[in-house]
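In the two assemblies presented below, chain A is common to both, partnered first by chain B and then by chain C.
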Partner chain A sequence: MTGVELLIWVRGPGLQLSLAAFILGMTYRILQTYFLGRAKNLAEPRGSPWIHGMKTMWWRSFFHPGMTIRGYFTIISGYTFHLGFIITLLFFDQHIELFKSWTGLSWPALPPLVITVTAVLGIAALVAVLVDRFADPVRYLLSDYQDYLCWVLTVLPLVTGLLLVYKIWLPYTSLLVVHIISFEILLVAIPFTKLSHVFTIFIARWYNGAIAGYKGVQS
Partner chain B sequence: MAKPKTLAEHLEHHEVSRRGFLKFCALTTSMMALPPSMIPTVARALETARRPSVIWLSFQECTGCTESLTRSHSPTIENLIFNYLSLDYHHTLQAASGEAAEQAREAAMAENHGQYLVAVDGSIPVKDGGVYSTIAGISNLEMLKQTVEGAAAVVAIGSCAAFGGLPHAHPNPTGAVPVQDLVHDKPVVNVSGCPPIPVVISGVLAHYLTFGRIPDLDGYGRPLSFFGTSIHDRCYRRPYYNKGLFAETFDDEGAKNGWCLFKLGCKGPTTYNACATAKWNQGTSFPIQSGHGCIGCSEPHFWDAGGFYQPLSAGIAGVGTLAGVAVVAGAAAGTAAGLMHHAKRKQAQRQHEKVTVADLKESGS
Partner chain C sequence: MTVSVERGIQTLKEHIDAPVASFFTTCVHCGMCADACLFYTETKDPKYTPIYKLKPLRRLWHQEYTFWGKLAAKLGLSKPVTAAELKAWEELVYDSCTMCGRCSMTCPVGNDIVYMIRKMREGMVAAGFAPSGLKAATERAITIGSPMGVKFPALKNQIKHIEADTGLQIPVDVEGAEYMALLSSMEIMNFPEYIGAIAKIFHNADISWTIASDAFEATNSGIQIGSSDLAAELVERVVAAAERLRVAFVISPECGHAYTALRWEGPNLIGRPYPFEVIHILELLDRLRAQNRLPVTGKIKEKLTFHDPCQIVRRGGVVDEPRRLLDMVAADFAEMEDHGIMNWCCGGGGGVSANERAAKLKLTAFNRKRHQLEALGVNTLVTACANCRITLEEGLEFNNMDVAVLGLAETLAEHLEEQSTSATTETP
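Showing the complex of A and B:
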């Protein structure tokens, strides 16, 4: 298969299959989690579980003082990576064209220089958390292969994207193929690894908030 | 028998000036990515070259390649040099027809065996024994085999001959294949493009005349000197791409300001050709300069590589139906998993036996 044939495949069937695997996997995971069910709470509700669930889902995305009890490193590196990755994914004009081809929706893009900064910050934060994972003996012992796999799958689209935009190392066609493949592998992996937290974190937050709301306490 | 004239003698006879000839040599040298010091060498080689016999075979094609070659720079030295190649067989340009034309081809093959060049435009249908395109009752496949047998080299002109082109596009009803799939024992140069740039065709032939061999080729068999850089790399709109300034439609402010055409489907980043440097119509312009994105016509499978107006970063296949199927399949699998879990829990509840005081007494005794 030549480079051009590979590009046609990754932009066509490759993208279709990976997106289908992502949608199928996430639907499966969410419904499977939902059908686990919970024991019926027979106590009288002291507040609205729905409202508290939604509030918690929103507010836990933001910084609050209690989060720094174990230091600032995880907080800063975590925010930097997640914001860097999300901004790069959602506000680079060429990515918006992809979402537009899928949904028909588009929105304003950020300048390429800003996207370069967010991508570089995202990569830097990922490197920092990896170093910390090795340096901290407790975290190192708790890590398994999936942690490293997820790290690689997450950093690859950022690195290959930067190489592509600045056309470093390989011809544009090859870099585009590598970048799209790295994204497609990430899409397929998300539902079946710890990366499924891109969705399940919101379910977990809602549930924590709903329990607290039912009891009439702050989550 | 009179000694064959050299190219210089032909040019002199047709009153082509020395200045005009040297300008062509300089352009050709530059296009071949050779240093200026090579201009005298190129000029000397072309002056003393005997006209090589060229047999031009037209198969499944639209004649656009010939149109491009003959109409673009007329009347310039490129056309002249092509006239002074001994073009012994060419459907569109030769005066002879019918049996006389085929005899001219056979005579040229016999007289120049092992030395003539074969130029092919159009792909070759091979399905059902190649019956879908014939010339004088001979299938394209058979004619190519016959003609290439005694050739020094083959030049596949245009994307159909180089990569299969439009006839090769899905579903390829005639089983069309490019020249390189059929010719394995002769050097093959692919001069792709739909059509190819005239100066690239003449440049490849000039290279053969100058050095007696085909030029260095890229991974797709194209001359590196012409296909070594992408349209994107040489595009004058590149700074707008770098700044993220794109035309969104063909008549918006961005288009009027000459911004990058990436979002309008320009395939310049993945297309390798000399359009942005050699240009068309006597160096006047090229598609991007005229306000339309590159369609990637010099790349293999460009007809099957998605819509001409789809950006490179967008998918080229619809996802709606497949996404719907994925949701249904995922929901079914998730529900089934949930029901299985539910059934398991119920079974565990049914099998659960409560420990009574009597059981405790019994176990304690």
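Showing the complex of A and C:
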């Protein structure tokens, strides 16, 4: 297979396969969790689990009173790399082009310089998070291989994308193949690693809010 | 592996439900829960990070419900949860957790960590790993009827004193009374003033109430140790007495975990809803206040604050009632910086105070409350849980702090404006 053929494969069937694995895997993961079920609560409720569940889903997205430096760092660096990643993914003109060629849908792109900034910020926040994972004894103790693996999987598409745009390192076609594959690996990994938190976070928050809300407490 | 350890691991597996799976799946190992836990903040020891206390349960979940975990288990590559590991976790699950639930309020991804600690304890006790102090308390609760070994004659004796002091009759085993009051052994032995206080208030409000001679104990060591079977047996005793006396309400006393046990866990433990309503004493007093059946006179002038018992407030949902009640009798009621549903635990809840091995750690954890009190600069602290009260008193004494600890019900009773013509007898 030549470089160009490989490129055609990874941006065509390769991407479709990884998307399918992502969607099916994530659906399985969510259904598997849901069907574990939970016991019916026989105590008289004092509040609405649904309403409190929805509120917790929303309110946990922000700072909370009494937060420490660790908390501020987590939330700020977390938002920075998640947003950096998402904006770069969704608003880079070539990504939009690819999406358009598939679905016919498109939207305005952000200028390349802005995209460079979002990608660099995303990478910087990820580096800060990694350094902190080693430096903070609490985080270091909690971390396992998946924390590091997921870090690598997340940073790779950003780094290879930047190299590609600024034509550094490998020949363009090879680098493009590497870039797309790095994204495909990330997609496939989401349902099978702790990266699935990007979806299950809403389930976890809802349960937390619902459990406390049943007793009339907004958690 | 011994039979009990196998049983423990099986129990842990059975306790993995949808919330647990979603919590473990979602944890990003950020460590923010550490800052919510007084055992971490006062020691700075990373092992006291709340989610870390669940590591064996997390491993079981990983092996049973994740792709890589299952694959590794099939290939014989995963590290099984061992007796030694559970033994090592005993201190983390019992000594360094009061089940206060503060961690569950702060996790950015929404993990309800204390929900899982409660489940983790089920497996620990089934495996035979629970602190001896808590085991002994549970055994006394089952065999004698009280974790402190208090039998009815001891209560009767206290009742006699209270009757002599107050001139009021304390009703025992009155069939058809509207309310059945429960007590904690700690109240009976250390703070019998509570019984006198509710007697005065109920008499004034013309409430028909009773104590059951065969089920006066409200606390539930079964829940603290994590044994649903034993916890259910203790709840059944209360239910049987309430049914025998045909009461409409069962009053949970000034005790935090008793309220969780009776109000929130009880019906689930016995597998059926109650034929009566469980009401916390503070809820009842607040209802009386709203109906003008709790007239008080005079106010405490000096600045005071309220220590929220975790199981009544954050984990129980009785948040505003103590504040409304305290406002009636306090001229200068000031809140600590973190209060209400974000309060800091006294350090003795969740069975920690019954676990002698944890005594030193408990006093270290108390430093959190000490800092809060020092920052506010108060000499009077009101609370509504006998266990918090004894823990607070111990901590204050250890630190040579001149702070008086008062029970809320007693404080109200002291300010009661006695009515010659009793209020209405309608159901509150």
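In the analysis below, the second predicted complex is superposed on the first by the 198 of 219 C-alpha atoms of A that agree within 3 Å, B and C clash if a C-alpha of one lies under 4 Å from a C-alpha of the other, contacts with A are read in each partner's own complex, and residues count from 1 in each chain.
FYI, a contact is a pair of C-beta atoms (placed from the backbone, for glycine too) under 8 Å apart; a residue touches a chain by one contact, two chains touch by 3 or more.
Keep in mind that this is a model prediction, so the values were computed, not measured.
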Which of chain B and chain C A:Val131 touches, first, second, both or neither: neither
First (chain B), second (chain C), both or neither touched by A:Ile211: second
Contacts of A:Ile86 with chain B and chain C, given as first, second, both or neither: neither
Contacts of A:His197 with chain B and chain C, given as first, second, both or neither: second
Contacts of A:Gln94 with chain B and chain C, given as first, second, both or neither: first
When both partners are placed on the shared chain, which of chain B and chain C touches more of chain A: C
Which superposed partner A:Pro112 touches (first chain B, second chain C, both, neither): first
Partner chain in contact with A:Ile51 - chain B first, chain C second, else both or neither: neither
Which of chain B and chain C A:Leu36 touches, first, second, both or neither: both
On chain A, the residue positions that both chain B and chain C contact, one per complex: 29, 32, 34-37
For the chain C and chain A complex, residues of the former touching the latter: 16-23, 25-32, 34-35, 40, 46-47, 49, 51-52, 65-68, 104-112, 115, 263-268, 271-273, 277, 314-317, 319, 337-338, 341-342
Chain B-facing residues of chain A, complex: 2-5, 7-8, 11-13, 15-16, 19-32, 34-37, 93-95, 97-98, 100-102, 109, 111-112, 167, 171-173, 176
Partner chain A, residues of chain B touching it in the complex: 219-220, 230, 232-233, 242-244, 246, 262-263, 269-270, 299-301, 304-306, 310-319, 322-323, 325-327, 329-331, 333-335, 337-339, 341-342
Chain A residues within the chain C interface of the complex: 29, 32-39, 41-44, 46-47, 56-57, 60, 64-68, 70-71, 74-75, 78, 136-144, 147, 192-194, 196-197, 200-201, 203-209, 211-212, 215-219
